[in-house]
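These are the structures, in structure tokens.
In the two complexes that follow, subunit A is the common piece, with subunit B as its partner first and subunit C second.
The block that comes next holds the complex of A and B.
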């Protein structure tokens, strides 16, 4: 997202391309070799590649939240994994426990319609716009009605959970981070870690302490098997849904950042918050918007994650490892860069689910791959694969 | 005046005599193994409600939640040492038990674990006891069952590499199954894993005809659906006593239909020892009144017996000095427990006559209907025979 406006003489650097081509060639050679031994079939690698795409898309969605926030306020938001957790559990309670009693419906609809107003304001540009106000009122009435009479399908649960989690993200910024604007960056970082712990334990208190089933009625989770080169590829319909939703959300996000007034304000703030403020940009609102967007994406990832794996681990650990890995993905791709986060996420998915298929006996180490790659990237290219040059920021 | 002072002193003395005996309870009451620690605590509470006094003094629990982590468990152990408790009951899992055992052994405090089955736990020292069988036995029985009854020859084992229970049990199973003439491939995962795509791919080339999953439910609930989805639709999947946890069928759903596991016996399965079966049945009746919201399973019975043997040893020693109670425990013979007769004399702290039952989850296809845990008729094994 943070694209420097300073035009620099373009230097064509061939080294990355040579490395990329080399790695791809090595992998292809390994696949061909394994196929020639006869133990493995093409379908096996196809299945592994599909599951890599599934996982990678999920990581990408979470990583976008890290990169958005970092791009604007230079904060590694360690509570982002917990925002992801809130999204998943919010949607679970929406589709599994509706219809709600009226007070609950009003409460939830209140939060969700606040989120809806915020989402509309991204398009209209200000909160006091009539469209936003009308949308909020209509949304509140509609959501209250829907929640109190009917059981929600997972898609509506996902949309509402995204709105609710967006509001949680804004509150996170308002309560924990905004009072620390201008404080040393280390204070913010420590606060983020504290918020992470706080939300983990709040989740244990408010949601559940147990493994939670996540099986809404949908045909998307059905198994999918198709023949390939004389064998069968085993996967589920999620392999279509997850990348599709990711693509859709990333497209919307990119359009928002590049085409709207608020998006332009975000880019300006990313470049230099002080100057942006002098130019009349409401920096606090831009930051709140950033948290809203990141949290909405994280909630979508949480719902897809639950659908894909069929159950949610208990709140204290649910967001921990996915959050850390997505953070690694964001840094690997180049923190602060939107395409970087997507590339980093996909790369991690590929590393975790495809590479173990190539080499036997490495599966048990796959949780370390993300961090191993992180170290390598930090050593040889600290700004990430397509990240900005950090030196110009200092 | 003098008489009043004398009376006051006497009253004070009586109050001192009534000073409670404090027993530490170190269990998984939150975190990933909460549904293992909770029934054990409920069992202990029910047993204390039955018999809450020893040597004329009331017994009090000092309950410490180890949050299902080894660090938490060690912190609890240190707290108990500071409090000067006579003994510690717990923990539920071996990963939590072994480090706590090391701390308590060093300090000379008794520890009785209801359900840590890794042999290493009681081998830490002479102050550490358990009322469970060990995994050498459990792994061997599982291997025997899969090889002889289920007629599996190629078994894929999913092992949680960062858990002492899972790691140990997988090892004993592999040893026994290979000795029987079968083939085993072991695939590792770490705690908290939800994406098993790579692990499942690892066993595809091996083409197993059964699976053994000696782990815990937070991971198994995610593993099983992926196994079934990835083309292993009909193979028998079997687990250990870590699967005796509602989080498995609740979290995983329909795929747990037909999932089998070995676990601590329930009252009906104690038929090999009719008197124990009677005691267990009586305890169940009492438990259901005393803990109406409690979970009753093999862990509950085990928790109760961990408490019972400690009280019996204090009674026998006639003292709350840990060294004397330890000596009485080490001499304990044929204590009539609700899990069977318990004898510590001449063992490493693992009593014989432990009865293990076989279970199967039955999960109907309709999401509305609940699941059931069925005991497999006639399938029980006794440890130490």
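The block that comes next holds the complex of A and C.
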């Protein structure tokens, strides 16, 4: 695949910034107006802003998966919403049960430790490396013990679910995308859709309920209130947890991409897969790593999503809308760019949770904001808010 | 060069089989209606998606427009069934022209994204404007006028309607496939710049294809609405339906006359069959089937067949 790189003089397009400034000014004016008429107090806006941050962080985590994969192989991973679903339901599976019967514990631990070994293998480069072997054996024993003695706490369920989902991501690439490297993009789109069909319905076989309660034992879901400017902000402790976890994961991801050898290989592949291969980068390994990372983040988002809303809708629809919206967020921020995905996610969270607080008439339409914004961005600046120019040459 | 693009004889055979099927004992009308509708819908999609090469994943919007126009036109506006469907087709054309002129500046997957976004906006509008559309709970079509004394709730009538619909969409595609419009669309698909250089206005061709595709899809939506008699916005406007329509055409072979029809036959029949055999898991197998076909038959069935025939002829001509 030859991608022509035309060097153009840098021209700053002011239109999006004018629109952005206009929207921000409008929102600020509305806030000031509502405050001055005494309709709402400052605490109300603080609460709305916090919940916007909460939802935005979740979108950002999912959007990172889209942007990582797109950055490396220019593929819109349509099945990513279902990866997010797998993450949420896998963690439910892990914490909701009473201690596992031994065969189940061995089975689950087998899958999880296979994932662990795969991840270690990506890092160490070969399967027979002592670190990989010891990690696998210790992981297997530890997980079997943990599962068969007591049910897991949500943190361990989350960590395990992230591993398992990471492996699901790798398998997704292995089954549906790797055989089609170099094939027309439309084939990749179809296999992606086929895989999401498959995962949705496989999930539906296991979880048929419309609402699966998601209430692990934790104090993080309790209410939180604090005084602000003479009144009280009511929220939940999730408002601390979600941005914190997101920040942690994004930091780890950034460090991984910028500091490690494999991260360097990822950046090289993103620039030019063929040249990277010639320089000795194992491109297939890099792509597998990318899917692993994206899926791990999606799984974390899935668990936090479950904690935040207290229940999961049925698997066939659970990942659909969050996936589509997060994808819109990734494009809005600039697909292929990591900060872009975070900015897009936060912006979307802000639009969905803060703007309806200001303009009560639009509440019913908040689910469309992502798509309106997507179309506007596509029309005025297809590269997204901070993305590089990836305007497609078909 | 004679293309494997179908002929009147093939269409006649299609209609003859369609007329003969209900004469068999124990005909499953629901299955056949669904099949015929999807043949028509996928062929309509293919006008834009295959012939013109603009992959849309928003065609469910047109199905929704057609179905809702029938329901709302007859029950709220007091129109007769035929005018209501005409209204739906008219709205679909206007909508397609507006939608197209807004988004045809986008290329490739960016266009696809915008179609998803617009259909999604329309779906949420249909859910939220409950005073008009019945909202999220859906809309029952309790009564329909009887054009020419035909009861539109009777399965046999619906079957023939669906047959007429599928056959006319196929006839329409056949008619332009070998004509000027067909060549123009293919030229735009293969290379817009080259098409422009030879005097074709790509945007105009794309708009025309979109309007035609949308109109025919809305027409099918009208028949689908009468068949369902319960309109659920979570189904009619939603991405999975768009995806199903597009997949049907792609797997059969996009940009061919009979490809979408073949795709519908291969996808709808097994899906319905699996439903009775595997109950819950039917779509699971459906997904696997699609995966396998795409991995091993990347050009679609008719597309691969055409390629094979072309290669054989080439080999023969070269001696």
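Assume the second predicted complex is superposed on the first by the 349 of 394 C-alpha atoms of A that agree within 3 Å, B and C clash if a C-alpha of one lies under 4 Å from a C-alpha of the other, contacts with A are read in each partner's own complex, and residues count from 1 in each chain.
Everything below uses one rule, namely that contacts are C-beta pairs under 8 Å (C-beta built on N, C-alpha and C of every residue); 3 or more make two chains touch, one makes a residue touch a chain.
Note that the structure is predicted; figures quoted are calculated from it, not measured.
Three-chain overlay on subunit A, with subunit B and subunit C in a clash. Once the two complexes are laid over each other on the shared chain, residue contacts for A:187 go to subunit C alone; subunit B is not touched. In the superposed model, A:179 lies in contact with subunit C only, and not with subunit B.
When both complexes are overlaid on chain A, the residue A:210 reaches subunit B alone and has no touch with subunit C.
When the two structures are aligned on the shared chain, A:48 is found in touch with subunit B, with no touch to subunit C. Using the contact criterion defined above for the overlaid structures, shared-chain residue A:382 touches subunit C, although it does not reach subunit B. By the touch criterion defined above, A:320 reaches both subunit B and subunit C. When both complexes are overlaid on chain A, the residue A:229 reaches neither subunit B nor subunit C. Of the two partner chains placed around the shared chain by superposition, subunit C is the only one that A:198 touches, whereas subunit B remains out of contact.
By the document's definition of touching, neither partner reaches A:20: not subunit B, not subunit C. Subunit A uses residues 204, 320, 364, 367 to touch subunit B in one structure and subunit C in the other. Of all residues in subunit B, only 30-32, 34-35, 161, 187-190, 192-195, 197-199, 201-202, 204-205, 217-218, 221-222, 225-226, 229-231, 246-247, 250-253, 367 touch subunit A in the complex they form.
Residues 76, 175-176, 179-180, 183-187, 189-191, 193-202, 204-205, 208, 320, 324, 328, 331, 364-365, 367-368, 370-372, 374-375, 378-379, 382, 391-392, 394 of subunit A are the ones touching subunit C in the complex.
Interface residues of subunit A, counted against subunit B in their complex, comprise 39-40, 44, 47-48, 51-52, 54-55, 204, 209-213, 215, 217, 223, 225, 232, 234-236, 305, 309-311, 313-314, 316-317, 320-321, 352-353, 356-357, 360, 363-364, 366-367. Remark: subunit C residues 55, 102-103, 105-110, 112-114, 116-118, 120-121, 124-125, 128, 239, 243, 247, 250-251, 280-284, 286-288, 290-291, 294-295, 298 touch subunit A in the complex.
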